[in-house]
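Below you'll find the structure I mean.
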Amino acid sequence: MAGSYFSDLLSTIAERGRSLLGLDTPADAARQASGLVGLCEQLLSGRGEASGVALAREVLDRFATLDAVARLGFFTALAERFGPDRERLDRAVTAWREHHDERRAADLHFGSEPRRQELLRRLNRAPGGTAALVAMREALLADARGNPALQEIDRDFLHLLASWFNRGFLVLERIDWSSPALVLEKIIRYEAVHEIHDWDDLRRRIDPVDRRCYAFFHPALVAEPLIFVEVALTTAIPVAIQPLLAADRDPVAPQAARTAVFYSISNCQQGLAGVSFGNFLIKQVAEELRRELPKLETFVTLSPVPGLMRWLHEVVQPALGADDRALLAALDEPRWIEDAELAQRIRRLVEPRTAQYFLESRDDKGRALDPVARFHLGNGARLERINWLGDQSAKALAQSAGVMVNYLYDLAEIERNHEAYANQGDVVAAAQVRKLLRAVPRKKTGAQPA
Amino acid sequence: MAGSYFSDLLSTIAERGRSLLGLDTPADAARQASGLVGLCEQLLSGRGEASGVALAREVLDRFATLDAVARLGFFTALAERFGPDRERLDRAVTAWREHHDERRAADLHFGSEPRRQELLRRLNRAPGGTAALVAMREALLADARGNPALQEIDRDFLHLLASWFNRGFLVLERIDWSSPALVLEKIIRYEAVHEIHDWDDLRRRIDPVDRRCYAFFHPALVAEPLIFVEVALTTAIPVAIQPLLAADRDPVAPQAARTAVFYSISNCQQGLAGVSFGNFLIKQVAEELRRELPKLETFVTLSPVPGLMRWLHEVVQPALGADDRALLAALDEPRWIEDAELAQRIRRLVEPRTAQYFLESRDDKGRALDPVARFHLGNGARLERINWLGDQSAKALAQSAGVMVNYLYDLAEIERNHEAYANQGDVVAAAQVRKLLRAVPRKKTGAQPA
Amino acid sequence: MAGSYFSDLLSTIAERGRSLLGLDTPADAARQASGLVGLCEQLLSGRGEASGVALAREVLDRFATLDAVARLGFFTALAERFGPDRERLDRAVTAWREHHDERRAADLHFGSEPRRQELLRRLNRAPGGTAALVAMREALLADARGNPALQEIDRDFLHLLASWFNRGFLVLERIDWSSPALVLEKIIRYEAVHEIHDWDDLRRRIDPVDRRCYAFFHPALVAEPLIFVEVALTTAIPVAIQPLLAADRDPVAPQAARTAVFYSISNCQQGLAGVSFGNFLIKQVAEELRRELPKLETFVTLSPVPGLMRWLHEVVQPALGADDRALLAALDEPRWIEDAELAQRIRRLVEPRTAQYFLESRDDKGRALDPVARFHLGNGARLERINWLGDQSAKALAQSAGVMVNYLYDLAEIERNHEAYANQGDVVAAAQVRKLLRAVPRKKTGAQPA
Amino acid sequence: MAGSYFSDLLSTIAERGRSLLGLDTPADAARQASGLVGLCEQLLSGRGEASGVALAREVLDRFATLDAVARLGFFTALAERFGPDRERLDRAVTAWREHHDERRAADLHFGSEPRRQELLRRLNRAPGGTAALVAMREALLADARGNPALQEIDRDFLHLLASWFNRGFLVLERIDWSSPALVLEKIIRYEAVHEIHDWDDLRRRIDPVDRRCYAFFHPALVAEPLIFVEVALTTAIPVAIQPLLAADRDPVAPQAARTAVFYSISNCQQGLAGVSFGNFLIKQVAEELRRELPKLETFVTLSPVPGLMRWLHEVVQPALGADDRALLAALDEPRWIEDAELAQRIRRLVEPRTAQYFLESRDDKGRALDPVARFHLGNGARLERINWLGDQSAKALAQSAGVMVNYLYDLAEIERNHEAYANQGDVVAAAQVRKLLRAVPRKKTGAQPA
C-alpha cells in the first residue's frame, strides 16, 4: 500500500516535470531513439535539477518503447558517446606521468570514469529507476552477445549494480503461504531447479511445517525477490529428491528435525547476472534456522550435477573399452532404470567416475568442472555424498544419469574448506566419496581425464 | 520490530564468524589500530567469503574503539596503503598510451580505483555497516581539516556514499505525533534553524492540523532521518517567524490554507556532508502537499539571511558616512528594536542594502554570497520578499539585523530561474525586491560592493 | 508475523496452565465428552482465574475432538444444564411481581441469563477462542436442524456473536493480488455466486485495473474474511455476467469508469449465519470507491434471481393455458436458448412474469419472494432492470431461465426506498421494470399469484 | 496510517448519512439534548439501516456537546425511557409462570433486556463508536455517584463493555522507545503509582535494557492503552523503589537477570472501571518474559500499601498505650525518618502491625483490607516480604509509613493460593512475614483488630 502510494506520487512528480519540459507522449519509437541520446545529454548537463527526476523518467519510459533496432542504436551511442571525457582524461594522464602521487592517481580514476556511469546514477533517481535499469541491463546482456563494444559498457552497469545491491542493502524475508500472491507467482516463475507446476505444488514447497523458503529483497525492487532458497527440514541427510517433494509425504515435526536441506537455489533477476548473492543467502538462512530451531545440527544441500553426462561422454568415453562404451550408450535410453540388472552395471561404471569428476577433474583455471560444485565449494562447503539415482526425472537422467550430491555446510569448517579449494584447488570431500575413487580402473583406462 | 530482529540476527552471524576467526574482544585500542590494517587486508584478499561479513563487522567494531591518535593512524594507512594497485595502474596507463580505445579507457578507470573503495564496499556488507561508514566519514571529515592526504581519501567516501544515497533509494516519510519517539528525539536534536526546546515544543511543530514535517530516510539507516523539512500551512505568505511558531496561535483549517511555508530545513547526518538531498525533498514535499490539499497555490520559504551582517560590516560599512556608520554600530546593541525611531532609521539604511546583497553581490565563482540564497536560487526558487524584522531572536538580530526573506517555488518557473542563475548568475526576484534597490545611494557611496 | 507470534504465546500460556491442572492429552473422545461438562462447570465456578485461560483452551481443544454422538451430548448438556440459575430467577420474578421498577426489571434480565452465556464469554478468553466458538456454532447449527432444544441454545450463541461482530469492530480491507495467498485461497473457496475455478481465474477477478474486491475482517479472526464483494468498474450498467467475466476482455481505465457493479457478494462463515454484514459492506465500499474515483456515478448490482423458476412452476404454471404450459416445460431443456424463435416466445411469456414476481408477489410476512431481492430491497436499493439471458450458465438457466437483474444503490434514495419496502412492502422499481407488467395477461390467467 | 485512513473514511460515510437525514450542526446544546432522545428512538426503530451508522455518529457527536445539565437529562431519559419493553416483558413473565421451560426462561431473559442495550450496540456501529461509548460511561460514572437510577443504567454499560473487552479481543504490545509518541504521552499521563515527570523520566522507564513495559490494547481503541505494567529486570527481589528508579543506576544485563519486578500497574480508562485486565496482563507478561529470557526465575511485585496508615490510626491506635500513641503521632511529621533512633522505635511498633494488617484483618466480606493486596491475593500471588522504608516519598510516608511489600507470582502455586484466599480468606505469606506477627503484643493490647 505505502509502496504503491509512494510510486504513484513519484510518477506524478515525473509527470509534472515532463509537462514542464514540453515532452509529449511517445509516438514514433525509432525517431525518438535518436532523441533519447539528446535527452541523456540534457540529463547529464544538468538542465536544472528541477526537471532531473522527470527527465530521468522520460528517458526510461522512452527506452522501454524502443524496438530492437532502436535499442541497439541506443546502446551503441552509450558505448561511443558516453565514454570518459577525453580532454579531462588526457590532462589526468599527463599529470600522472609527471607526479605519481595519490591525488593524481585519484584524478586519473575519477577523470577516466565513463560519462555513462553518472548517466546511470541520474537515471536511478527516477521513480522505479532501479527496476528500469535492471531491465535495461537484461536487454543489454542479450544484445551484447558477440558484441565487444556493448560488453564494454556492461562493465559500467555491472559495477554500479554490484555496488547498489551490496549485501548490506539486502533484506532477508521468509516466503510462506501468508506472503503476497504477487511475490509467490514469482517464486513459481523463477524456480530453476525443480519446477513448481502450479499453486498447489507451490503450497507443498512453502506451507508444510517442515518447509522453509527465504529470499533476499532490495528495498528499491518492490515485490521482486533477487534470489531464493527452498529448505526441507528432515531427520537425516536425504538421498533423493522425489521423496522430499512427494505430495503425500508426512511432514516432520520441526522440533524433531536435525537437518536442514537446501534443495533448490534460484537466481531471479537476469539483469543482475554476475552480482553474487547465493553465498550470503545460504549462510544467513543457516543462522536464522539455527536460531529458530536450536536442535538443527546439519546444514546440507541436495544438489544436481548438471555437467556429469557431458563429461562422461566427452572425457571418459573415449578411453573406455567396448563394454563400458555400450553401457554408457545405454544411458541415452531413459528406461534403463527399469532394468535392475542393467542399472546395477551402469552404477558400477558411473559412480566411481562421478567421484573422479568432482575430485580430480579441473577446468583450465583449476576450478571444479561442475558449475554447481564450483558455487558450493567456493562457499566452503564439503562434498558429502554421491546419491545414485537421487533424481529420476528425465532432465536429471539426461544431465547426470540421475546422480545427485550433498554439499555439507559446516560453519566451523567452511573457511578452511574455502581456502583449500581457492588456493590449492583441493576439493574437500567425505571419506565415503573419496573411497569411491578406488573403483576407478586406473590401469585399464590409462587415462587421467582433464 | 522486524528491523531490530534483523539486525540482531546479523549480529549473531557476525559474532559466530568472529569466533571462527579466533578474534578476541578489543583490549588495547592502540595496538589493535595497527592490527586493523591487517584485518582490512584480509578482508580485501578475501580470506573466505565465509568470514567476510564477520571480518567486516570486526573491523568496524574495532574502529569504533580507537582513540584519536590510533584513528588518525588508521586513516593515514587508508591514504597510503589502500590507493590503487600501482602495477595494474601502470599497465593500464601504458596500454592506454598505445591504444586510445574505449576498452583501454575503461581499464584505466577500473585499474586506477583506489583499493579502499572495494574495502568500503566490503565493510558495508556487515550488519549496520552503512551506519558505521557514515560515522567513520564523520570522524574523517573532522580529522581531514587541514590534512590534504585525508581529504584525498574523502573523495572515495563521498563518491560511494553519494552513489548509495542516490535519490532513487530514499524514502519520504511524514513525521508526526504518531512517529516513534526514537525518530522524534532526532528531530529535536537535528533541528538547525529554529531550535526545538522540548517535547511540547516539538509537538507544536508537528501535531497541529496546519503543520507538516517530512523527512528522507534510507532503508539501511533505520530510524535515522537524513534531512527534514518543517512546513506551516497558512492563508498568505508569512512575514515573520515568531507568530508562526507562537504557542497560543489558532491553527488554520487545512482546507482553508492556500500557502505552504517551508520554514526550516535541516540536514541530519554530518557523515553525509556533500551529498545533496534538499532540492529533491522540497520538490517532492510540494507535490505531496498538492496531492493532499489541491487548493494550495503557493509554495514558499521563510528563510534566514545568515551572511547579511557580516557583509554589511565588511563590505558596506567602509563606504558609509559617519551617520550611517553610527547607525550600523547601533545594531550591535540588540535593544535597538525597542526604540521605534531608531529602528526606522536603521531600516531605511539596511533594507535597500539587503536587496543589494542578494541582487548584486557575488562571490568569486559568481554565486550569491548568502549560503541559504545559494541553495534556494540553485534550486530554481525566486527571491520573493524581504521581511524587515522577520525574526526578532537574538541570533537573527546578530546575523541579519532580524531580516528574513521568502523564496518562492513556482514549479512552472523553477527551471527557467535555475538556468538564469546557473548560467548568467542572475537572481530572479519579485518586483517588490528589485524596487528596494532604488533606495541604494549609489552616488553618495560611490561604491558597488563586491 | 505478529499475529502468529501472539497466538504462539497464548498457546504457551494455555499449555502451562493445562499442565498445572494435571490435564493430560485427549485419549477417549467419548469418555472425555462427559468430562467436558465438568470442565465447563469448573470454568464457570472460577477455579482460579489462574487457570481460566488454560481451562478455556482445554474445553475448546477437547470439543474439537468429539465425535458426532459425543458432540450432540455436549450440546444437549449445554441446553439442559447451563440454562439460568433457577433459584436466582425465581427470586427475581417474585421481586418483580412485588415492585415493577427498573432495578427489579434489570434483576430479572440479568437473573434470567442462561449460564452458558457466561460460559461462552469465558471460553472466548482462550487463544483462538473466538474462531473456536464460531466453529462450534457451525456444528451446532448442523445439529440443531429439527432439534428445538438446540435451537434454543443457538439464541445465546447468536446473541453473543452478533454483539462481538458488531459493525464497529469490523475492518474493511481491499483484497488484491498483493494480498496473502492464505486469504486469497479463501476467496476462491468461499465465492458463492460465480465460481472461481483456479488461481488464474481469481487473478482475473481481483488484479485488473477495473476490478475491486473488498472484505470485512474481525481482528480476532486472523486471515479469515467474513464477507466479501467483487466489483467491476464499467462505463454503463451491464446486462449480462459472461462478458463481465470473460478472460479476454479489455479492461476499462478506472478514470473512464462511471459505474461500479457489485456482481458477487459472499458470506464466508457459516458459524456467523444470522449476523448481517452485507448492507454495511455495500455502503462502505460504495463510499470508498467514490473517494478513490470521484467520477463514479452509478452503484449497481448484477444479481441472480434464484427463486424465479420455482415460482413460475408452482404459482404461475397452474393458471397457464396449454400453449404456455408447453413453453414453460420447454425450459427444462437447456438447449432452448439455441432456438431463437423458441427463445423469443419464451421471453414473451417469462419476462412480464418476472416483473410480476418482483413487484406483486409476497411471502406471508409481506416480503419479496426472492431471497436476493429481499436483501437488496431491505437495504434500500431499487430494482433497476431485468436482463433477459443475463446469465447463460446451466445453473442460472435452471434457477431463473437465465434472467438476471440490476439493483441500483442511489444513496440519496436508499432510505426512502427502504421505508417504502419495510413499512408498506412496496418494491421501488424503475419505469422500465414496471412497464413490463403491462404484458401480464391479467384476464386470461385470472390469477394474481401470492 | 491505515487506522487513520479508515476512520477518515467512516467519518465521510457518517457525514453523508447526516446530510441525508437533514441534520444540521449543533447549535443549542440544551435544546438538542431533548432532540437526542428522539434520535435514539429513531436509531432503535431502525429508520433504515441506510442511515444507521450516520444516525449513530450523530447521536454520539451531539452527546459530546451537551453541558452538564443536558447530559444528566439525557442519562435520566436513558434510565426512564429505555428500560425493557414492558408489554413484552409482561407476556414473558406470564408465559414463564405457566411453563417453567428453557424456551420461556430464554424469552424472559431476552424479553427483559433494557432497550438501551440495543441502543448501545447500535451506537457502537459508528466510526469511533467504541471510544465514544467508553467516554460516555466515564461521564455516567461521575454523574451516577449518589444517583441510584443512573447506577442502574451503568449495569448495562458495564455488561456490554465487559463483553466487548473480553480478554480474547485484547492485544498485548510492548511499549518502548520506538513506540509512537501518541502512545507514550498516555503512559506519562496514566501512570498512577510512581509518577513519570517528563519524557526523560519516561525514557528511563522504558528504554534501558533492563526495563520492560507492556500494555493491553483493544483493536477498536486506536493508540489507547487499557492497562500497562512496568517491569524491572533485576538480580534479586528489590527492597525499595527509589534505587530501582534512580537516574544514575547501572542497568543489569538482561541475560544476568533472574527476577522480573512488576513495580507499577496502571489502569488507563476510567470508562472501563470494573472490567478487569490486571490479572491477565501480569500472567501473560510473565510468560512473555520467560520466553524471551529463560533464565528468569522469580516474578514478583514491589507494591505500595495504600491502606496501612488509615488502619493504624482507626483500628490499632485506640488500643495502644500512651507511648505507642505518641510514636504513631510522630509519623505525621515526615522528618521522623531522619531521626535514626526514633525511626527504629517506630519500626518496632509498625512492622509487626503491618504483618497483622495483611494476615489477620479482613473487611466485612472476608477480604483483605488493602486494595492492592486484594488484587494480587485474588490473582493467586503470595505475600513475600514487608520492606521497611521501601518508599521514602512523601506520599508513601503518609499512606504507609514508607512500607512497601513484595507479592510473589509462582505459577505453580497461584491456583492453590487463589483458592485458599477465595474460599477461606487465607492469605498465603512467606515465613519471614508470618514471623513478624510474633512481635504483635497480643496480651498488652488485648485487641484483635477487625
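Lettered A, B, C and D in written order, each chain numbered from 1.
To be clear about the criterion, contacts are C-beta pairs under 8 Å (C-beta built on N, C-alpha and C of every residue); 3 or more make two chains touch, one makes a residue touch a chain.
If you're wondering where the values come from, they're calculated on a predicted model, not measured in any experiment.
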Seminar exercise, completed: The chain whose C-alpha centroid lies farthest from that of chain B is chain C
Problem set entry | Superposing rotation of chain B relative to chain D, computed on C-alpha atoms, to nearest 5° | 180
Seminar exercise, completed: Cα centre of chain A to Cα centre of chain C, whole Å, reads 49
Exercise. When the C-alpha atoms of chain A and chain B are each averaged to a single point, how far apart are the two points in Å?
Worked result: 39
Problem set entry | Distance between chain centroids, defined by C-alpha means - chain A, chain D (Å) | 58
Seminar exercise, completed: Flagged in chain A as touching 2+ other chains are none
Problem set entry | Contact set on chain B toward chain D in their complex | 4, 177-182, 184, 198-199, 203, 223
Problem set entry | Interfacial residue positions of chain A with respect to chain B in the complex | 6, 9-10, 12-13, 16, 20-21, 46-51, 53, 79-80, 83-84, 86, 89, 93, 96-97, 100, 102-103, 105-106, 108-110, 112-114, 121, 124-127, 129-130, 148-149, 152, 155-156, 159-160, 163-164, 166-169, 171-172, 219-220, 279-280, 283-284, 287-288, 291, 378-380, 411-412, 414-415, 418-419, 422
